[in-house]
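What follows is a set of structures to go through.
First subunit A sits with subunit B, and in the next complex the same chain sits with subunit C.
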Partner chain A sequence: MATIVTITEEKALEVKDFEFTYASADAPSIKKLTMPVAKNSITALIGPSGCGKTTLLRSFNRMHDLYSGNQYSGEIIFKGRNILTAKEDLISLRIQIGMIFQKPTAFPMSIFDNVAYGMRLQGIKNKTELQGRVEKALQDAALWNEVKDRLKHDANGLSGGQQQRLCIARAVAVEPEVLLFDEPTSALDPISTAGIEELIVELKNRVSIIIVTHNMQQAARVSDYTGFMYLGELIELGLTEEMFVTPKEKLTEEYITGKFG
Partner chain B sequence: MTHTQKRIITNNIVMILSALSAIIGIGFLFWILGVLVLNGIDALSWTIFTQEGAPPGYEESGLKHALIGQLFIVGIATVVGVPLGILAGTYLSEYGQMSKLAQTVRDISDIMMSAPSIVIGAFVYAIVVAPMGHFSGWAGSIALTIIMLPIILRTTDDMLQLVPSTLREAAFALGASKYKVITQIVYRGAKAGILTGVLLGVARVAGETAPLLFTSFNDNFLNTDMSEPMASLTVTMYNYATSPYEDWQKLGWAAAFILSMFILSLNIIGRLFLLKKKGK
Partner chain C sequence: MSILIDKLFSYATKFVAIAVLLLVAWIFTILFQNSIDSIEAFGFDFLTETKWAPNLEKFGALPAIYGSVVSTFLAMVLAVPLAIGVAIFLSELAPAKLKSPVGVSIELLAAIPSVIYGMWGLFYFVPIVRDIFGGIGISMLTAGIVLSIMILPFMAAVTRDAMNTTPDILKESAYALGGTKWDVIKDIIIPYAKAGIIGSFILALGRAIGETMAVTFVMGNVHKISFDLTEPATSIPVTLANEFTEADTSLYYSSLFELSLFLLVISFTIISIAKFYFLRRQRAA
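And now, the complex of A and B:
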């Protein structure tokens, strides 16, 4: 059984006996996983490639439902309900649980329209409100000063780091409660990476954050809790400062000291 | 001779042969264009655009009837074929994906694309012209729509599939419904490609003669009633060019020139869109 630290804060999400099987696979990619996610803090998921960390992350906003045949079992509790049921409204779930992807995903439209996209989906048409919220979101994403004079320009003209911050602005603009980051800096240079990390730490006052990363230093730098996954199971979840110094599980220790992975 | 020298000589021979073949290939295009321009420009005059067909020997004869007929037949085929093709391509890429039905539709439209157009003309003759009892512009449009459909369907399918799935996922992750993801994100990303497919599809059918011989047939005078036989540039060109009268033959050259310029510009515009997209 996994070693899981007791979380004193309120919980943003609770995973219980969760199993996930891809349509094309015989065996589950995630096996009987149980894990709490603390509210207004950053939980990092680490582990070798193929351990199921991204699969788990994409379960929180039911991204797997876009492709037919994938199967969930167990529970993921969010705001008192199991979000894995068939009656869950995926549109409102995804508004509340946002996601940032590995590669920047700027839409083929202007910078302004990118940030306004989620709000417009919710039916916000008032121009002054949109402008105010777009500006605020861009400020929150530390991008406002760089783009304020060219909001009407094509978003694809921005650099990779700027595009990723644009995606964060776009996600923040709809005021989600949870933000999922799927290796958000793996396509970026070190300076852009530092900027994104800073941003993630600032955001935790308002949202609960789960971040999948291949980079253990990144997990150590930004997160409050770290979960180590291996072969579809959670091996250990602990306070980041403790886990990187005194891991309780032998596997965790071997992974963070670089014996495998 | 050393091994290296041999290699250099072989290399040069292959290079010269392939370059020569490329020049011959492109040479024919310019030859065709040259002959068309020489004969076509000579035959061009304002009366071509203002006068209808006339019996041989009449000074005042033109191609107005064929130009307008062409516009009607191709225009209606475009208005029907483009939305149908785009919607069907959308189904394949966004809904059917790799399902059996979608794959079957893809295979069949690939076969349809290489079907001889005269066969499609004969088919429309059997299902539209024969029951109606006479040739009509509608029948011509139907035949061209059938030819155009698989081209637009397959390019739309291909172009939509080129839109990265992460872009779709990002829109879904913001709470977009599938319909909004398709219309606001995927179409936007594939805009240039779809437009190219449409232009190439229209260009392809605009040059068809065989299916029109069986369907819209011809009319030497201006007719805007789609339920009657209708002139088209291609069939007019065929009739005039094969006639023994010199003035008709001249009009045939003019028709060939106008048609080629139209199709050439559609092709060039289509390719420019693709280039612009790739350049981004």
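And now, the complex of A and C:
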């Protein structure tokens, strides 16, 4: 059984006996996983490639439903309900649980339209409201000063780091309660990475954050809680400051000291 | 020794590549040379004259140009929405089990020789058009419909390929913001694949405008400009296919050559626009 630290804060999400099997696979990629996610804090998921951390992350906004044949069981509790049921409204779920991807994914449209996109999907047409919220989101993502004079320009003209901040602005603009980061800095240079990390830490006042990362230093720098996953199971979930110093499980210790991975 | 072989190989390929360019230049020269009589006799009036009267030695290309433009336009108007629909279905909506069989059959349709479309059009489509729209069935409209059916598979297949180049992660980003399938198709996939899609349409346009066999059967080769689409008409390739055997005077012969020169220039222009403007970005990616 996994060693799971007691979380004193309110919980943003609760995973219970969650099991996930990909359409083409014989064995589950995630096995009977139970894990709480604290509200308004940052939970990092670490573990070697193929351990299931991205698979778990993509379960929180039901991304797996885009591809047929994937199977899951167990529960993920969000705002008092199990979001894994068939009657869950995926559109509104994904508005409340946003996601940032491994690579910047600027849409083929202007900077302004990129940030406004999620709001427009919700039917917000009022120009002044859109302008106000786009500006605020860009400020939240620390991008406003760099792009305020060229909001009408194609977003693909921005640098990689700027594009990733644009994606964060776009996700923040719809005011989600949870943000999922899937290795958000793996395609970025060190300076852009530092900028994104700073941003993630600032965001936790307003949203609960789960971040998947390959980079243990990153997990140590930004997160409050760290979960270590191995072969589809959660081995240990602890306070980041404790776990990197005194891991309770032997596997965790071996991983963070670089004995495997 | 091996250096020598490398050199020989490089020269051989260079020669072949240059030979292709020479071939194109040769064709151009021959068309131009043979057109000189007609160019001298009619000048620019050749393109604006509506009479094509071999017995009077009077040749005007406008009816054929009009026929080419209108039949191609009809074909595009009919084929574009269908091609986009088929492509969207194949790239985004079709269940995995359907995707590949339907995709392959569409590619097979694109491989049907155009003469077969022509025969099929004459024997099965002409009566249908006659029954529904009136006239004798051999008409501009029939030509447009047959052309649209002929270019549809190519357009659909290339449009699907262009749509498939949209990275999954980009689509997922839009879904992750609460987008529906339709939102993702219209806001992400189509804008992303736009250049490739337009390029494929222009290539199809080039193919339609030069198409000979499929329309020769169903158009009628009548040199008359009529705004009634159920009337028979002609196009540049249809005229060429029908009349070379009848060209009994050198001016008649030369006029046909000028017509073909004009067609070559149009086709070249269209393909160049498609290749250099729209399909370049896709190639670089």
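The definition used in the following text is that the second predicted complex is superposed on the first by the 261 of 261 C-alpha atoms of A that agree within 3 Å, B and C clash if a C-alpha of one lies under 4 Å from a C-alpha of the other, contacts with A are read in each partner's own complex, and residues count from 1 in each chain.
In the analysis below, contacts are C-beta pairs under 8 Å (C-beta built on N, C-alpha and C of every residue); 3 or more make two chains touch, one makes a residue touch a chain.
This one's a predicted model, so the numbers in the text were calculated from it and none came from an experiment.
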item: Combined model on subunit A: subunit C and subunit B, fit or clash; value: clash
item: Which of subunit B and subunit C A:Met109 touches, first, second, both or neither; value: both
item: Touching partner for A:Thr3 - first (subunit B), second (subunit C), both, neither; value: neither
item: Which superposed partner A:Ile91 touches (first subunit B, second subunit C, both, neither); value: both
item: Partner chain(s) touched by A:Gln122 [first = subunit B, second = subunit C, both, neither]; value: both
item: Touched partner set for A:Asn156, first subunit B, second subunit C, both or neither; value: first
item: Partner chain in contact with A:Met63 - subunit B first, subunit C second, else both or neither; value: both
item: Contacts of A:Cys167 with subunit B and subunit C, given as first, second, both or neither; value: both
item: Subunit B and subunit C footprints on subunit A, overlapping residues; value: 61, 63, 66, 91-92, 94-95, 98-99, 101-103, 105, 107-109, 117-118, 121-122, 167, 170-171, 174
item: Partner subunit A, residues of subunit C touching it in the complex; value: 95-96, 167, 169-180, 183, 187-188, 191-192, 194
item: For the subunit B and subunit A complex, residues of the former touching the latter; value: 164, 166-177, 180, 184-185, 188-189, 191, 280
item: Residues of subunit A defined as touching subunit B within the complex; value: 61, 63, 66, 91-92, 94-95, 98-99, 101-103, 105, 107-109, 117-118, 121-122, 156, 167, 170-171, 174
item: Subunit C contact footprint on subunit A (complex, rising order); value: 61, 63, 66, 68, 91-92, 94-95, 98-99, 101-103, 105, 107-109, 117-118, 121-122, 167, 170-171, 174
